[in-house]
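Here come two complexes built around subunit A, the first alongside subunit B, the second alongside subunit C.
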Partner chain A sequence: HPALPTSSLPPHPTMGESDYSFSLTTFSPSGKLVQIEYALNAVAAGATSLGIKAKNGIVLATEKRISSTLIDESTLHKISLITSNIGMVYSGMGPDSRVLVRKARKAAQAYYRIYKELMPVSQLVREVASVMQEFTQSGGVRPFGVSLLVCGLDDEGPHLYQVDPSGSYFAWKASAIGKNMVNAKTFLEKRYTEGMELEDAIHTAILTLKEGFEGQVTERNIEVGLVGEDRVFRALTPAEIKDYLGEVE
Partner chain B sequence: SHPPSRPSSRTARSPPMSILEYNGGCVLAMAGKNCVAIAGDTRLGIQNTTIACDANRIFKMEDRLFLGLTGLMSDITTLENTFKFKLNLYRMKEGRSVKPETFSALVSSTLYEKRFGPYFAEPVIAGLDKDNKPFLCSMDLLGCVAETTTFAVSGTCADSLFGTCETFYRPDLEPDQLFETISQSLLAALDRDCLSGWGAVVHVITPEGVTTKYLKARMD
Partner chain C sequence: SLLPSPRPHSFPPPAMDSLISLVGDGFVISAADASNARSVVVMKTDQDKIMHLDEHKLLSMAGEPGDAVYFTEYIQKNIHLYELKNGVVMSTHAVANYARGELAKSLRKRPYSVNLNLAGYDKKVGPSLYFMDYLGTMKKVDFTAQGYASFFVLSTLDRHWHKGMTESDAIALVKKCIDEVRLRFMINQSKFMIKIVDKDGIRVLETGC
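Up next, the complex of A and B:
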């Protein structure tokens, strides 16, 4: 058979568009969108992530759940930079999070292109949340299997937001998502103080992760990211994490 | 062989008028001490015929931020509406009013979007930032920003306006002095331009508020 010339085939739908014109996420009689509930289950099965807002910055931390010692964990980055002053971590499906990271980065750059001003954190969160909501209503797609913790420091001060698969977002002083979120949030409720310093927040974040950790916490199986008053978000190097681990012992 | 001869009774033709000169008009902005002023003429013409003397080409975007536009009146009106639209959405989304330099970036990118079929309008932006420091800039029709600390001009008599401003401007003028200076700079240039004039308006923006005055000038 001679191969069909590709130009005579109909164009393949891109992500977010589908040949389906009907949504796969529909209401149950009780008024729930079951697909979103299931997406939240996927998040709850994911490795724990948490964020703490200090008076002069925000810290994000996450468990790097590695299934085998053969995995090169140094190549796995759950904490992502979105712009110079905004960072993000997820719990849930890694591949889904990468799509949202890409969309968030593009949204922030597009904003800068128009206004020559860094996108405010709350505006970026709204954009990302709006994308996540679209995937609960558009034809032929499924919700994202991640919850995100977005942090950043802008003219209004430090911000920490959680975004869920439904597209709802919440501003937090401290929060946790993923497998151990209930215990972690209880721990954070006790340990959080108003006006705490970023350094204290980093120690508290690491301690919170340790609480629910199966096995020994090392600088290679957790990730920590932070943004301070310098408004530069960065992920800590394993060496820096090792120092902090030494401090919390 | 020789080129075909033109009929000698043919009179010399002037080159066609630039589309930016079709309606005529000019705008000028100047900075003082914690204040800015923006002024312009109010003539609307169709080439050499004057059809209105109450045309407004300076618009309030925020309490302390004004946008003046010269060029084709049709595009001036369109851009006024476009920026009102964009700022309304901005204010609702961001929950704050726009800063002068941010607005200037927005105007620039809006104009450059039409790089290969531009709006025939050249803006002047004047405002006070949150610390009451003056912000001034002008742009060409493609959105090239020229930010200044002294004065910004645009219009059919822009070259003359540069001259009068350069002559009359002094730094750190108080609002009353700024009003005098900007008015004289405007009138001196405007009166030498047949496409500008037929009325003039001056807005003086201070931390306390905005005063708008119409100048009594030659109506020709």
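Up next, the complex of A and C:
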């Protein structure tokens, strides 16, 4: 056979391109996606976060697990603003959450650009969840090692959603994720009341965090974020958290 | 000599379509002429130029016939897709911005020479009317007209429109505008279709006014 001219041969794949064009998330014989199970383990090892939906708003709270007193904890923000009326907190791997925060922010702005209206919370959650699902079925990537709690107040009222590494999402009245989630959820089940006010929810959130906290809760080692009927999501300042801690004592 | 001499706008080709819309007390009324004519030939006198986007939105089109139908159908199908996907009805404001965005996007690629009146009723906001043109201009208005009719009826509407008109008054005003067009516009546009949208949905008032 005459040798084929080299220009017509397919290019030799370089390392890192087509070598990993298959999905790293594959089924086990029992029908599980173990990579997602392991991702959930990463979440379960992360600092506890929780959210409570009140009749007039939603509160998110999280432990700021600081590994050393030398860390400047004022620069560490686990609770992120996505749009003026939507906020998000995570449990698990911080760097992974940053990717999702960025994608969520962009999705919300892209929506606004088309419709000149704020993106409904349920649709934003669906977008983020869809991204997380993609990473369980694409080549050369791994699932995100975070679960998210997304909250927002829109025309349909207050919403609290949890999104898992698999991409599945659930709407909650109150939920907790991370290390102490089992105890925290039990506590929330007892404390949650239908139609509770946002102020009560904030107190309950702080109490729930305190339940599983190793050591003393201070205004510097927890973060609280909330959105009320004004539809403006914001993180509480340490001074405000300190006041609430005083009230809860 | 520094100013360019004014000359008639030759692109897009001047449309013969006449659209008239106005907002009343809890409703929006839209009228459109029903003739489809090219050059000296009248092809149809029962053309429906007012598309139903959903149960509470009317999109009236004026301009090049191919573009008009293609673009408004594109908008209609995408609105329908949104409502199926998200389980909520889109607001008139969102539809207007979406349509305007599509016109603006296409302007420097393959422009659609179509001008639109979007009339809608939303539970929270009530009746609203949006004027859009082929350049991607968009404005929320109380009344408007497209095509040559606008030269004649905008002054009629300026004079007689007021906030919160009753349905009968609004219909009378629309008919007054149509009479003005018939009187003053060179091209015979004998038949007009009139539709109304309010909290109960869309009603066709006249098909050959």
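Keep in mind that, in the parts below, the second predicted complex is superposed on the first by the 230 of 249 C-alpha atoms of A that agree within 3 Å, B and C clash if a C-alpha of one lies under 4 Å from a C-alpha of the other, contacts with A are read in each partner's own complex, and residues count from 1 in each chain.
Just so it is clear, a contact is a pair of C-beta atoms (placed from the backbone, for glycine too) under 8 Å apart; a residue touches a chain by one contact, two chains touch by 3 or more.
Small disclaimer: the values here were computed from a predicted structure and weren't measured.
*Asks:* Under the superposition described at the top, does placing subunit B and subunit C together on subunit A give a clash or a fit?
*Replies:* Once subunit A is superposed (C-alpha atoms), there is a clash between subunit B and subunit C.
*Asks:* Which partner chains sit in contact with A:Phe27 here, subunit B, subunit C, both or neither? Use first/second/both/neither.
*Replies:* neither
*Asks:* A:Arg113 in the overlay: touching subunit B, subunit C, both, or neither? Say first, second, both or neither.
*Replies:* both
*Asks:* Could you give the residue numbers on subunit A that contact subunit B in one complex and subunit C in the other?
*Replies:* Dual-contact residues (subunit A): 113-117, 120, 123.
*Asks:* For the complex, give me every residue of subunit A touching subunit C.
*Replies:* 113-117, 120, 122-123, 155-156
*Asks:* Using the touch rule from the top, collect the residues of subunit C that touch subunit A in their complex.
*Replies:* 86, 88, 90-91, 93-94, 97-98, 101, 124
*Asks:* In the complex formed with subunit A, which residues of subunit B make contact?
*Replies:* On the subunit B side, the touching residues are 93-94, 99, 101-102, 105-106, 109.
*Asks:* Flag every residue of subunit A that touches subunit B in the complex, lowest number first.
*Replies:* On the subunit A side, the touching residues are 113-117, 120, 123, 126.
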